[in-house]
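Shared between the two complexes below is chain A, which pairs with chain B and chain C, respectively.
Let's look at the complex of A and B:
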């Protein structure tokens, strides 16, 4: 058979292969609806130790609680997202969670063609028809971290490193800066945007900040946070007397293996709470399109202090002040005086 | 793509999966179901193959003429950006789709071609190596697009770096509900046939092949080598630009800088297709099927990691290329042996 096939010119062989491949799948059927199915898609790696990993873990937790079938897809580009979402719609998924603002437009495009699938997009700040937007407002926790940074800083210089200048990350910077200025109006707040996954880039940026005298760094760079942690660890090994501290973001990074003794606190999004809420509503068919603001007030966006630093680095006086700030934030928002 | 290549790839994949503790049979079944198991899976395969086909052609056409165009990624990006600019900013919203869609596609192809022309001019005028300039122009294109997405192309009402949505009447028609299979596929198939004809039936095709095999000899034979290479670059880069425009008008309907690495994958597609347009079509389909199948295997409850799926894809492609190269070498050797035999008999 192979010998017979080889007798034909290359082009005929290619065409035959093409036709055979195209005829193979005739007769496929549409999947039938069964139990509640949910999908989670994100643009980064689900082992990034930050935003994507927290999201995936939260989705797994929710699926287990609701006994739902869960499909997880990582490294999804916005360009691919709409075709992936359409495929989930075709297979009668009840809820699609797009973990990042970049999935908002694809979700809105896909939502037009279905009434049975609900779409929840986390980390966006805009309303699109047919989509539930989960706006995680880390401004207030970042404000609290800014205040703590200003209390701890000896040099009067603090820094912020973000993965990309997108709305949710810029909100962190704004909150951090406002918080730091609320304690020390003359404090210098440096700002830089590097990458979500290039560890080397974030490390170099953190080193540059430290050389400029920055002694507290707030990072929101997901997988690249390892670079910041390494730079902080190295700085503390060399300088000793004036320690350099760092903050975690999105997930609780206080317990990171590299420099947990210098990680003051983390601004944490309790994604499991937020996802559980929308998943339960979607399961009952009651999830409405619109924006859900997840804030400090509903305990989704919170500050978690590093317990091993409480007492000596984060003194009881600082803690009292932070509690006061938190009260004011909850009562009057970020513009209230502390 | 020989039977040997398939067997080698399958053996490699099965070993890797078993080594990692997955059930090879189940994963391969998922892979098949995701790529060719139903008409929806096939539509997904074709959708994923479409940009790969065009970027594969971009590499194949140029490589064949000895022009090492590694810049399909950059050409794709500028093509996509210009298609977005045309559809969301420059064309009046009441423009007929019959005029608007071809104009946007043409703008994408032209942008890609002009971006490729930059590399050709750099080589012709300043002797900058094509490989270097095209690689660097990829970065230039990426950052240019990022700047545009933060300024001129940015959607209103958000600070996110993404473009406005392409008006619905400028989007390519979808061929199957619940999929992203779009009418651009026919255009891509048409381009394959045209390039096949151009390559095998015309003087232009003969000359570019000759130039690719030995540019100095072709020049001595009176062929306009430099001019042909520029023409080939324009065609190849135009294909890549068109791929970008098609991804925007057919699949995404908006743009971010994360458009996918179709430009780089196109090089592997071209090599697997042995630089022949029909071969590239089959290779693109194969790559599309690999991508579609990987997606199904990744999202299953088995949780095949994305990285493992990529390693499997790489093993398959490498096996194909290795066995292909080996069989080509064997064919050449047997051909040489026959020639020697003939000469000996003649003597």
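Let's look at the complex of A and C:
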């Protein structure tokens, strides 16, 4: 090989050497990325059609882009999480994404034992040593949805159904209520909690809302959202007076097969963007502990209007008002006047 | 068509109680025969998924219902072979069935979702593949009760007929005497030439079919969808309601209606405290929502405490039958 190399003129040899030297960092990155291992753990089912499924899909997308090896574990309880995380640490995983606030403490406990594995916990708003917290703040998108609900509602009654009263879900209700009141100070905003996976229970709760005159429902119940969609579909089949509308949450649920004609919009968390950011930092060893606030400002938590309802249900006037609200939200936060 | 609050509450009560009654009737028969199948939650879950897939694949809701019933029978068959044929502990086998069903249905559902994504299919049941409420002509228009009682899912009407039939069989026929005898005195039944384990297996399979149908009710009738662990404890509530009903059909039906009524009431109260103009309801806003959610369970516990001593359960409940026992 050396003999072969010596046959070339000196200029070619230097040029080849220069190219090799320049490509070395790139080669290193590719090699590093190929060896990069990620783990994604969640407490629910990765087929829930909401939070967990969106998280898994985002992790898969990130792993594909970075050519990383990905391990996915569902139904992980906080008690089991520590031992599972320790196992990933032993196997030299570069990043462990715990999808839910319940993994914050186990991650902090495990982070003390390692320096090469990084921990990212999504959906939490507290800081723990050694852990990067991704705080998805849906308050602002929920505020926008609340405003839209108040504009669309004919009865002056709107409602929120949550899967569980945890901080991230309660933030949705608070934002929704504030947004609705910003348009109509006398609007009534009902609130109820059911379950993440009991579809029937969510359906009967939505039916109770509708019976009480609620005509716009904002739901954050993941797999059980199908129950709410079914109730809205049935209400629109039987109700003669005015339609009942629904909002999606976490993922873009505007295109749900059950009642896409009555799904006004969705508050979407672009998990792939957030995960990609932390994964790239972790891969380079630059992910630092602390809190990353993912909001409307960095386009991770956004509102996606249902395109098929734009124009007739979501009128141009409403759209203009929503844009104004969004502008004020980004400038002044939730307390801004609209 | 908008309905009054009273009609709405009655309708929701019946809708919520029906799957519990259906699964409970099977469980009741099995328990009276001496078999306690705590795997009923798993059987319902298997029935729910099988019914959904059956309806989706065949394009017919009735076919989906039959597949759901068969899935329940299949899972109950596994339970029966382990606990009746081989005499394994019924509680342990029932727990294993629950775990097996949770894992299996979750895995199958995930594979199905991946498959449908790859084939760009929408996981959505069409009108022909599912059941909507079936309003009985004429009767559904009776003021107040009509929309509440006679505008229900088809399986609700069948459940009412089945409850009457099971009640009649248990107390008015020789078959009922044999079933009750197997739980109270299997030796006597065996002495009379009755094949105890064969009858117990039949009762277990019947319970499986009922649980499968109840699961199908949840997936292809009430919600037109499936979600992992969608039963979320209904099976365990049914187990409690069989005891609450003191192993009688009417006790079971009453318990299910009570549970369904309080559940409907708490859901309406949760809403009404925000939407109503009533000062009392308005004051309830300060109560945590968990207070409302626990109401059905508190009511069941109180009622259980009141009626607990009225009638003991089958003497040989959960005891495997061996000729030498």
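Basically, the second predicted complex is superposed on the first by the 302 of 338 C-alpha atoms of A that agree within 3 Å, B and C clash if a C-alpha of one lies under 4 Å from a C-alpha of the other, contacts with A are read in each partner's own complex, and residues count from 1 in each chain.
Going forward, a residue touches a chain if its C-beta (ideal position, glycine included) is under 8 Å from a C-beta of that chain, and two chains touch if they have at least 3 such contacts.
Remember, predicted model here, so these are calculated numbers, not experimental data.
S.K.: Have a look at where A:72 lands relative to chain B and chain C in the superposition and call it first, second, both or neither.
M.R.: Only chain B; A:72 stays clear of chain C.
S.K.: Once the shared chain is lined up, is A:167 touching chain B (first), chain C (second), both, or neither of them?
M.R.: In the superposition, A:167 touches chain B alone.
S.K.: Just to be sure I read the superposition right, which of the two partners does A:159 touch: chain B = first, chain C = second, or both, or neither?
M.R.: second
S.K.: With the two structures laid over each other on chain A, which partner does A:198 touch: chain B (first), chain C (second), both, or neither?
M.R.: Second partner only.
S.K.: On the A-aligned overlay, A:45 touches which partner chain: chain B = first, chain C = second, or both, or neither?
M.R.: A:45 contacts both chain B and chain C.
S.K.: Output check: A:83 vs chain B and chain C. Expected answer is one of first, second, both, neither. What do you get?
M.R.: The answer is first: A:83 touches chain B but not chain C.
S.K.: Just checking: does A:126 make contact with chain B only, chain C only, both, or neither of them? Give me first, second, both or neither.
M.R.: Only chain B is touched by A:126; chain C is not.
S.K.: What is the contact status of A:101 with respect to chain B (first) and chain C (second): first, second, both, or neither?
M.R.: first
S.K.: Do any residues of chain A touch both chain B and chain C, and if so, which are they?
M.R.: The overlap between the chain B and chain C interfaces on chain A comprises residues 45-46, 74-75, 165.
S.K.: In the complex formed with chain A, which residues of chain B make contact?
M.R.: 1, 3, 36-42, 44, 47, 150, 157-162, 165, 177-180, 196, 247, 251-254, 256, 258-260, 274, 276, 278-279, 281-282, 285, 289, 295, 298-301, 303, 306
S.K.: Taking the touch rule as given, give the residues of chain A at its contact with chain B in the complex, in rising order.
M.R.: 2, 10-11, 14-15, 17-18, 21-22, 24-30, 39, 43, 45-46, 69-75, 77-84, 86-87, 89-90, 101-102, 105-106, 109, 113, 124-126, 164-167, 170
S.K.: What residues of chain C sit close enough to touch chain A in their complex?
M.R.: 1-3, 5, 8, 12, 15-16, 106, 109-110, 113, 122-124, 132, 218, 222-225, 227-232, 263-264, 267-268, 270-272, 274-276, 288-290, 293
S.K.: Within the complex, which stretch of chain A touches chain C?
M.R.: 45-49, 74-75, 157, 159, 165, 188-193, 195, 197-201, 203-205, 207-209, 211-214, 223-224, 226-227, 230, 234, 238-241, 257-258
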